[in-house]
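Okay, structure first, notes after.
Labels run A, B, C and D following the written order; every chain starts at residue 1.
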Amino acid sequence: MKRIAKKPAEKMTQQGDCVFGPNVKPVASVSPGETVEIETYDCFMDSVRPERDWKSLLESGEEILENPVTGPIYVEGAEPGDTLVIDIVGIEVGERGVTALVPGFGVLEGWFTQAPPLSKFSEVKHGEVVFPVKGRSVRIPVRLMIGTIGVAPATETMATVTPSRHGGNLDTPEVTVGNRVYLPVNVKGALFALGDLHATQGHGEVCGTGVEVPGLVRVKLDVLKRKRIEWPRIESPDEIMTVCSARPLDDAVRLAVRELTRLLVTDYGIEEYDAYMLLSVAGDVEISQMVDPMYTVVAKIRKQLLLQMK
Amino acid sequence: MKRIAKKPAEKMTQQGDCVFGPNVKPVASVSPGETVEIETYDCFMDSVRPERDWKSLLESGEEILENPVTGPIYVEGAEPGDTLVIDIVGIEVGERGVTALVPGFGVLEGWFTQAPPLSKFSEVKHGEVVFPVKGRSVRIPVRLMIGTIGVAPATETMATVTPSRHGGNLDTPEVTVGNRVYLPVNVKGALFALGDLHATQGHGEVCGTGVEVPGLVRVKLDVLKRKRIEWPRIESPDEIMTVCSARPLDDAVRLAVRELTRLLVTDYGIEEYDAYMLLSVAGDVEISQMVDPMYTVVAKIRKQLLLQMK
Amino acid sequence: MKRIAKKPAEKMTQQGDCVFGPNVKPVASVSPGETVEIETYDCFMDSVRPERDWKSLLESGEEILENPVTGPIYVEGAEPGDTLVIDIVGIEVGERGVTALVPGFGVLEGWFTQAPPLSKFSEVKHGEVVFPVKGRSVRIPVRLMIGTIGVAPATETMATVTPSRHGGNLDTPEVTVGNRVYLPVNVKGALFALGDLHATQGHGEVCGTGVEVPGLVRVKLDVLKRKRIEWPRIESPDEIMTVCSARPLDDAVRLAVRELTRLLVTDYGIEEYDAYMLLSVAGDVEISQMVDPMYTVVAKIRKQLLLQMK
Amino acid sequence: MKRIAKKPAEKMTQQGDCVFGPNVKPVASVSPGETVEIETYDCFMDSVRPERDWKSLLESGEEILENPVTGPIYVEGAEPGDTLVIDIVGIEVGERGVTALVPGFGVLEGWFTQAPPLSKFSEVKHGEVVFPVKGRSVRIPVRLMIGTIGVAPATETMATVTPSRHGGNLDTPEVTVGNRVYLPVNVKGALFALGDLHATQGHGEVCGTGVEVPGLVRVKLDVLKRKRIEWPRIESPDEIMTVCSARPLDDAVRLAVRELTRLLVTDYGIEEYDAYMLLSVAGDVEISQMVDPMYTVVAKIRKQLLLQMK
């Protein structure tokens, strides 16, 4: 299995490793159907550590690369108008997680304008995150996920911190082991990259970060030829989901519901209004995050309900 | 057990039975700790039926009472500054549900401007909603809930269709059997009322309605003296939740997260930033509905995590 | 000319004088076409004064009536489905204005969470507001306006601080002498009231208040029978305007543009798309305020352009 | 005077001429203080014409370059942390303007989902736009402006259709002859470009376009060394303005007011709260456009008021 190693930190650049774009040079190439192993930094380039916390890092004035990804990977045969299919086969993460209050970030940013830059370190082991609060340890079940996963947009070069139609910083807990992600291909080779793993994260990611960890991801990459989608999709064993990003959150909801309505029409032959009403009584709309430059929402429905109509 | 019967339809009025307000005359009075049984109409006053669907009702030009509730109930001893505690002991619903596309309502209202007024009838039985799509029956698990539950605001008289600090049309699936709802008391006697049951509803309630049903609710009403809350709360066996309503949805999220952060500070002695970061990694923000005059969001965290810090 | 005097402060109540509602008892009655003179308190009931500023008033714990209006006035012959026409004939204001930072209010509320309650007093004379900044006096031209003007909603009783379809706390600088305001009549007699004068206010009213003054207003009240409008309108010698309130501001813009598009269609016989495109190149959308419970936007076009098409 | 000619249409590309980005190759270089003349296409590349309207162009399936600009121009000596100063010396425009309904664009996009692609042609002469409505000609005063004006962002490459901190598609009527625009320099040489002239446009640009024209612009480019600004600013003979773009419109308002508050603090030595209250009574917040990928708002205050405090 091909392994895409992390670049040494000193070779990483904001314009090369913290963007998705049509002109970023691929670091590897894979065939459709191939599985690769990808090493990732955490969203702070592994540089926030107990001996050098977020506050002292910010005060040092050093440039901090934001949300680096590993890649991009050139997927042979992928062309604009196709769909890239990513099966998430495995995620392994480091034993130390960091959660930080990033100035100007977070759902309560307005109320906490005086917030000191804070970082909190947790241990990740035996399926639990050991998170310190009040001098005690709260044990939170691990829920591994990939925060940033995407392909190159057609024209623009976007910071990896932004989620949009091409994927990006979705911070969607459902991007996890056992699930399949679909992304629209916009340029030849797709130029796929990922990073920003979380040991766990709540829906909303309200302070701006989850339990941020470096790690290793195994994905199988494949191409659906001449299948065009407008926004990312996710399929779990039980559910199908559309994933849309916008501001305000209202617009992300509207887009995700519209996409899922359309999916029910095109893929299941359901009438538009029937699909809409079915989602109202049996679908769910879920917030992934409301902290990144665009907010991300998932609309979902159980596959078992749809199978009854086949 | 006291039973609050439905008023005959011809005695119901928009200004008396479709509002929460300080000057609405109570229909009954209960002692703190008392359990009552409350009969409810569905949100269309039981008037949308297969033989007289939503479209023909709208075309008839008749005035339709919107979202009637049963009550208000005067709770003895409840005064401004107290909290009303409602244990939802039981919900029973009728066997026919209706789901409708209400003109000008719904997440996709903008895209479906040409939508015909549509109603769809489903059967509710054996724990399932039998929902017709494409000439087939989709079987959706029943998830009983109370759509509208509230008390009188202090000064304003609000249509029951609007959710806000006093409760109202929250359309929150977690307002269900086995859970406890907390509402701020704003006037003497609280003036509690409820209605608008759903046999099931997705998070988002995207087309504007769930499976709307008439029914019978049993609630135990109690008063927490001199405990002031700003917004509704819900407690389930596993979770505590704050419930806030605003537009845009973003503001509802901000309010719900702020309320839950404050709750962790005041009730669990957690530092403000610790609470905020804990919610980011282990709490969840969930959309109840994005269709009513204000949108409703729930922020929640598992009680088991908080118990570890006691 | 009939004069509606201020009620003595000790007889004013939150539920009687700080709401618009169908059940508020009128204080006077006028015939269509009649001109009346109305005395008004400032938005703080004239109680914030140099010797007793906003901070000490808040700290005193006294209940402060919010945004009192004078009225309501019963307009004979006005019935639901009619339009109330208000010609603003004259505005006179007191010589002392107050501008305050109201906790939780204002465009920058999020950034100024630590803001002390502040009040600033200005002198209003010779057509200027003398506003103290940095120990100097800034002279700002007076631009008199009525902040709150409205009628009773059909069913709800709304705090005067909220603007909506019935008018209310529009805080629209164009509600000024020489202009005509149109409001939809929702209940018999319309139940018209006004208050909250400003000696001047910027578009946006960004900190939450203008130069707040008590005063005297002369208005001529008339009724357009069987003319139904959905939202307030304003006519100046040069322009016609629609005035809509919502959150977020985006929705207020959408509503105001839609209303003005419809007005061009119904009153000027212009095709819908032509009207829309004409507004894009020659109409203007203007923010009145973004601080009240709903935000208010005006869409406007010069009458001279429309006359060319008659 | 240096003249930057339009590139031949067949040499224009989406990735080269319809983006602002750090890697776009400059077409010319100027010294600080130099005045240049820049030829521009209209926002449809001059390709929507009476003999080939918007509808037939869309139906042709041809790729249409979106919102092309002329440039970028390398400004010698400009470095990150400086401010680029652009004096708009002259604007001349062609005699035919086009206004179009762009599918999926416009304030009323939600209500007009069935809108046909429409284009309307107007004549621009003698200081007037002759705009056809109802078979008549409405004469609208010309108000020349530059719709798109910007520099390269530091890391991202953004479509010219998007306004943000770097300028871009601001569609701000105040970007006009006699005014001065300030933009933050993010990369060496600034990489300045402009295009998208309008013969006139209302505040809001509600249908998505103004009167779109090709033309010729004369600008004097200069550099303020070591003066860092966060967002574009404009200075007219009478006013100073901050120009911010975001979604929802509410956030654009908050940003613009915050920027102008800060400007009053840093450049005029006014206390923060004084500045905020002064803007509330004597500043104005104005919508430029609510149709592009971000919405643009201007906060402004008259310089004459500030001079009183010097």
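The rule we apply is simple: contacts are C-beta pairs under 8 Å (C-beta built on N, C-alpha and C of every residue); 3 or more make two chains touch, one makes a residue touch a chain.
Remember, it's a predicted structure, so these values are computed and weren't measured experimentally.
When the C-beta pairs in contact are tallied for C-D and for B-C, the bigger tally goes to C-D.
For subunit A, the chain whose average C-alpha position is most distant is C. A separation of 33 Å divides the Cα centre of subunit B from that of subunit C.
Multi-chain contact residues of subunit C, defined as those touching 2 or more other chains: 110-112, 247-248, 250. Only residues 14-15, 18-19, 21-23, 154-159, 246-248, 251 of subunit C touch subunit B when the two sit together in their complex.
In the complex of the two chains, the subunit C residues touching subunit D come out as 99, 101, 106-108, 110-112, 115-116, 118, 120, 129, 131, 133-134, 136-140, 200-211, 247-250, 253-254, 257-258, 261, 269-274, 276-287, 290, 295, 299, 305, 308-309.
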